[in-house]
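First chain A sits with chain B, and in the next complex the same chain sits with chain C.
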Partner chain A sequence: MPASLKTLGSLVVRYRLLVMLAGVLVFGGFTQDDFLTLTTFQSILDRAAVVGFLALGLTPILIAGQIDLSIGSVMSLAAYAAIALQPELGSLPAAFAGLGVGMLAGAINAVIVVGFKVTSLVATLATLLIGASLALLISNGQPVSSADPMFGLALTNEFLTVLSPRSALFIAAALVMFVWLKATPSGRNLYAVGSSMPAAISAGINVNGYVAGIFVLSGFCAGAAGVLQALSAATGSPLAGSALLIPAITAVVIGGTRLEGGRGSSLATLGGVVALGALTTLSEYNGIPSYTQAVYTGLILILLITLDRIAGGNGGKTTRTLRSAAVKQA
Partner chain B sequence: MTLQTSEPGARPAAPAAFSAGSLLSMLSIPLAIVALMVLGSFVSPSFLTARNLINILNAYSAVGLAAIGSTFVAVCGGLADLSIPANVAMGALVALGAQSLVGPVPAALLGILVASLGGLINGVLIGYVRINPIIVTLGSGFLLLGLAQLLVGGGIVYAEPSAFGSFVAGNLLGVPVSVWIFFIVALLLHVVLSRTPFGRWNFAVGGNYEASAASAVPVRFTKATAFVLTGLLSGMCGVLIALSLGQARPIIGAGYEFVAITAVVIGGTSLFGGRGSILRTVGGVIILALISNLIVLIGWPTPATGLATGSILLVVVAIDAYLRRRTGTQ
Partner chain C sequence: MSIRRNILLGGALSALAVAFAGPVAAEGVEGKSICYITAANSHFYVTPANEGAQAAADAAGVELTIVSEEFSPQTGADQLNSCVSRKVDGILLWPLDANSYLPGLLKAQQAGIPVVAIDTKAGEESMKLIASFVGADKYGQGQISAKQMNEALGGEGDVVIIAGQAGKNTTIMRTDGFLADKAEGINILATVNADFDQQKALVVSRDLLTKFGDQIDGVYAEDDAMAAGFLRALKESGLDITPVVLGIGGTKTAFDAINAGEMTSTIMQPPFENGRLAVETLTKVMAGETVGADVPLENTVVTKDNIGDYKPAM
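For the complex of A and B:
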């Protein structure tokens, strides 16, 4: 590859978020008259909130060099719980119960990864299957309608012109996480855990505590995604999150968070979620069938991790598995 | 993956621990199968009939092919192939969809070829670009399944009646043809894994990647081929199911990745490479088939099978992690 092409390539990889956003905006502006409007922007943000919470939970996980594949299943469980428990608990307590389900699932992941020292890839792969099966078992495979459908409708109302309550929650959560990751000692320690676990252990960082904590946080975020989705749809579906794992991972990777750990930011994830949401909205405006979304989302994910690998080229010596293995010795 | 290198001592110690309990470990799978059969005969009088046992085998022989491929993937340290459902769907849809164009036998071969191409994408990205196998196959599976759905618009493809189709769906000497195919492929690939240079390369690459590379083992080729093989066998799995059922849908292989992984780990093959056998995977497939039949006979709903599969996966991997730690510190 010629040197200039290579520089251009690595520039595109580095500023992919901006490249992608600009591409979507220009293409959208040309193909649809009403694409570049505040209404479109509001709808993109509003619908991005659900995947956004999943992606936010995944961000610290990836920074620490771990992975959580169970977030989609956990989201389904939380969504179902938040609606199915409404008649017994009332609407607001049921929503909190949904969050609790998410945290509980995250805590179970944490116990398996930190306590039983199972690599997070395999551990959360198993809990992905267990969670999905559990959601189908409890619900008999049927979605449940809300006993109080008006309760969650306000979540998608207009709020401050370009927001909705749920997108405002998502953006606020991303900002809080940004401050935590960048401006507090515990946030910075997380980067240390992801960059080099042995070094983090030598530095006296409680690696197991951090890893356990971020799995609970990821479960909580998946719970929040499930509760928001279920309340605004007034339906608790046992399949609510089953197809959202890949979009969430893709959004995080678009933002530039590396699968190898040690790098990433929640604001970049926010950007990635918005970029992917804009692309989805654009393809819907153009009447592209919904299956295509799976195709381009998968394509973007594979393309970006390949480019990351080639451009980041560290010889493949620091793999996720190596890091996950290191947690065993901690 | 290069997990071994981060656990000095784990591998040299493993064979010794293995031979000490080798009799028990050799007998454990047959014992488990006998125990499940005894349990089954208590649960239902119709369990221990030749017809039921053949039906059990028949239901799992197609997915068993994917499990055989997954054994190669696991042995060479590639963890798991999560794109199995997508490749199964591709194989099935092409095998039926192309029947009217090229005839039933070429269509079946074409289906297997297309699925192998899916495996080739995985193989290149994992073997040569060295990206994490779980993420690659998760992404490629999402992409290919989306493509499969796009291909048929989410509908069903029906088989045209043909002599080939009724042969594959029928019996040979009282045993279903798919069971024959499963056992013949298993025997062939057992010989390949245990008696050929390619098989030994798999063990070497999974046991110690760096050392194998230094010893002129074609590490990249070996890893890539394991994934191509899994794609090919997934395609065969899809073709078998499609011809047996006479129809194919994109969700035809949903959940098969978990059945394959769990069958592999029940057989005692470590997901982290360097150890495993096809015959033991066949044992794992039979055990899973018996468990799922027991669940049906007891009258539990279908998702209970997923719950059982996930829990078994978790427990077996946790035990594997524990044993590796123990042998590592001895």
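For the complex of A and C:
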């Protein structure tokens, strides 16, 4: 029956993260005796923190119908700055300098996108390339080790049984962003910007301001990811974020935020990051090579998006277009 | 990443040809589990080392789970954490930088899980938390190369050093060891970095030959791939000189060059042996036996005179 298939599909889509997490946990429980433990959960959340900050920064960007490809490069620059500046500034100010590097990069993106009217895909592709090369040029291709390796170690310590300070920061940031997006006028306006920019403009929303703001926010989040990564590893690597752009986008999309804009949630992103982290941890417990794991991730993406289409979804541009087409036919 | 790159892949098993009196896996570890965080899944040096580790684990009856960092120390740090939370009985770690593994190493120490490092040393703070290091004595390789150079040149001559990546532990050790033991009369014309890469070595060697030409009496290449790069450049140049050329690694290309009289010597660094010895050392630690902080691979020099006794390490 197509109808019941549709119902099942929509249920799976709505609770996709729970379905995926349950799948991972059941499989993990079967294949590994000691998978279902609090330490496993702590390690999953801890590893989710860094890519999680990147994904969080990306969430409002996607909701507004934009894209920021530069986050990985910005993270590398921030990570390098947070360690390389330690001798001159001291450990804590250097960490804030790393955040500043992130915000500065975000502001540059904002100027290119809003000021020069370059599509965000092209603008941030350019800053991705520039940022990645700049990190390698400044560092001469070499990671810098912190002279004070104990400074950031506490970030990955155990905290409240299942957390670490850095995963707690990530979860707190996701909650704050959730409240902002869902419960404040400015958050709700952002959805309007992503749904239909002309409509948002005619409704008197300062679209340029919103777009500029979220790029700075995204840069800040990428900076935070870089600083957390650099401090907990006591190493500023010019390649720190180079491989994290795709996992971050994947996590946001698996969470249900649409690349087309107008739909998404930071809690869904939190779920997406944790679900992917659980999958990675499970693979490691079973000794599955990381490249095999990328195949699963790709298949899960295709499956989820297809189910999304089958189930019809409940928002977003594509379905809105389909709906209006259906109205015209009627 | 202090692994030599771009050397031709050779038979891993040939490493067994090296006469080696290493430790044997400890008793009483059967059924225990080891997490092996390796540098890569597919790499000319790492892959045979992984095979050696697997062979030793199979022989000792321990369960070996291999996870690959794919040359990213951040990935490795996450994997180390997840190995610790899995509560394995021992961890074999391939460190790719100085500090990234510190959080995981501290957790391993708290959980009472012994860690052994393979091939490369991590930073000082990290090594305090690592029971033993199993890998080539790279400083010793530099010293042996100096001795070879001293003998071949009679203690006097102008040499160039083709070094690995700047700042890498392997490069620093091999350079320092060489400089420490070279004779007074050996004059270093130039030290250039060719990143353990044959192609880069070819390019820098062209420059060296143009600049110094027949002034070059000897070449110390910090691995066989770079030695091969120099020999290519020498052939291209058409210069009628036969400098002393030293390499490290024991690749098939180096063996061919030694047989042809183009290269003077190389030092065997067998990866399969490295992996096997690392797991054996770790099982000893797990069984509560005492092991040295350094478990070096034997440095065997291969020259024209003894090349018949050995097979290429890679």
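As a convention for this text, the second predicted complex is superposed on the first by the 279 of 330 C-alpha atoms of A that agree within 3 Å, B and C clash if a C-alpha of one lies under 4 Å from a C-alpha of the other, contacts with A are read in each partner's own complex, and residues count from 1 in each chain.
Just so we're on the same page, a residue touches a chain if its C-beta (ideal position, glycine included) is under 8 Å from a C-beta of that chain, and two chains touch if they have at least 3 such contacts.
Everything quoted here is computed from the prediction, not taken from an experiment.
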Of the two partner chains, chain B (first) and chain C (second), which one does A:Arg309 touch, if any: first, second, both, or neither? first
Pick one for A:Pro185: touches chain B only (first), chain C only (second), both, or neither. neither
Is A:Leu134 contacted by the first partner chain B, the second partner chain C, both or neither? first
According to the stated criteria, A:Ser232 is in contact with first (chain B), second (chain C), both, or neither; which is it? second
So in the superposed three-chain picture, is A:Tyr291 touching just chain B, just chain C, both, or none of them (first/second/both/neither)? both
If you stack the two complexes on chain A, which partner ends up touching A:Thr156: first (chain B), second (chain C), both, or neither? second
For the overlaid complexes, name the partner, chain B or chain C, with more touching residues on chain A. B
I'd like to know which partner A:Gly204 touches here: chain B for first, chain C for second, both or neither. neither
Chain B versus chain C as contact partner of A:Pro143, first or second or both or neither: second
In the superposed view, which residues of chain A touch chain B and also chain C? 140, 289, 291
Chain A-touching residues of chain B, taken from the complex the two chains share: 1-3, 5-7, 79-80, 82, 125, 129-132, 134-136, 138-147, 149-150, 153-154, 255, 258, 261, 271-272, 301, 303-307, 309-311, 313-314, 317-318, 321-322, 324-325
In the complex of these two chains, what residues of chain A are touching chain B? 67, 69, 112, 116-119, 121-123, 125-130, 132-134, 136-137, 140-141, 245-246, 249-250, 259, 289, 291-295, 297-299, 301-302, 305-306, 309-310, 316-317, 319-322, 325-326, 328-329
Going by the contact rule set out above, which residues of chain A touch chain C in the complex? 32, 34, 37, 39-40, 42-43, 46-47, 50, 140, 142-143, 145-146, 149-150, 153, 155-157, 229, 232-235, 237, 239-240, 243, 280-281, 284-287, 289-291
Counting only contacts in the complex, chain C reaches chain A at residues 41, 65-68, 70, 72-75, 77-79, 81-87, 97-100, 102-103, 106-107, 123, 125, 166-167
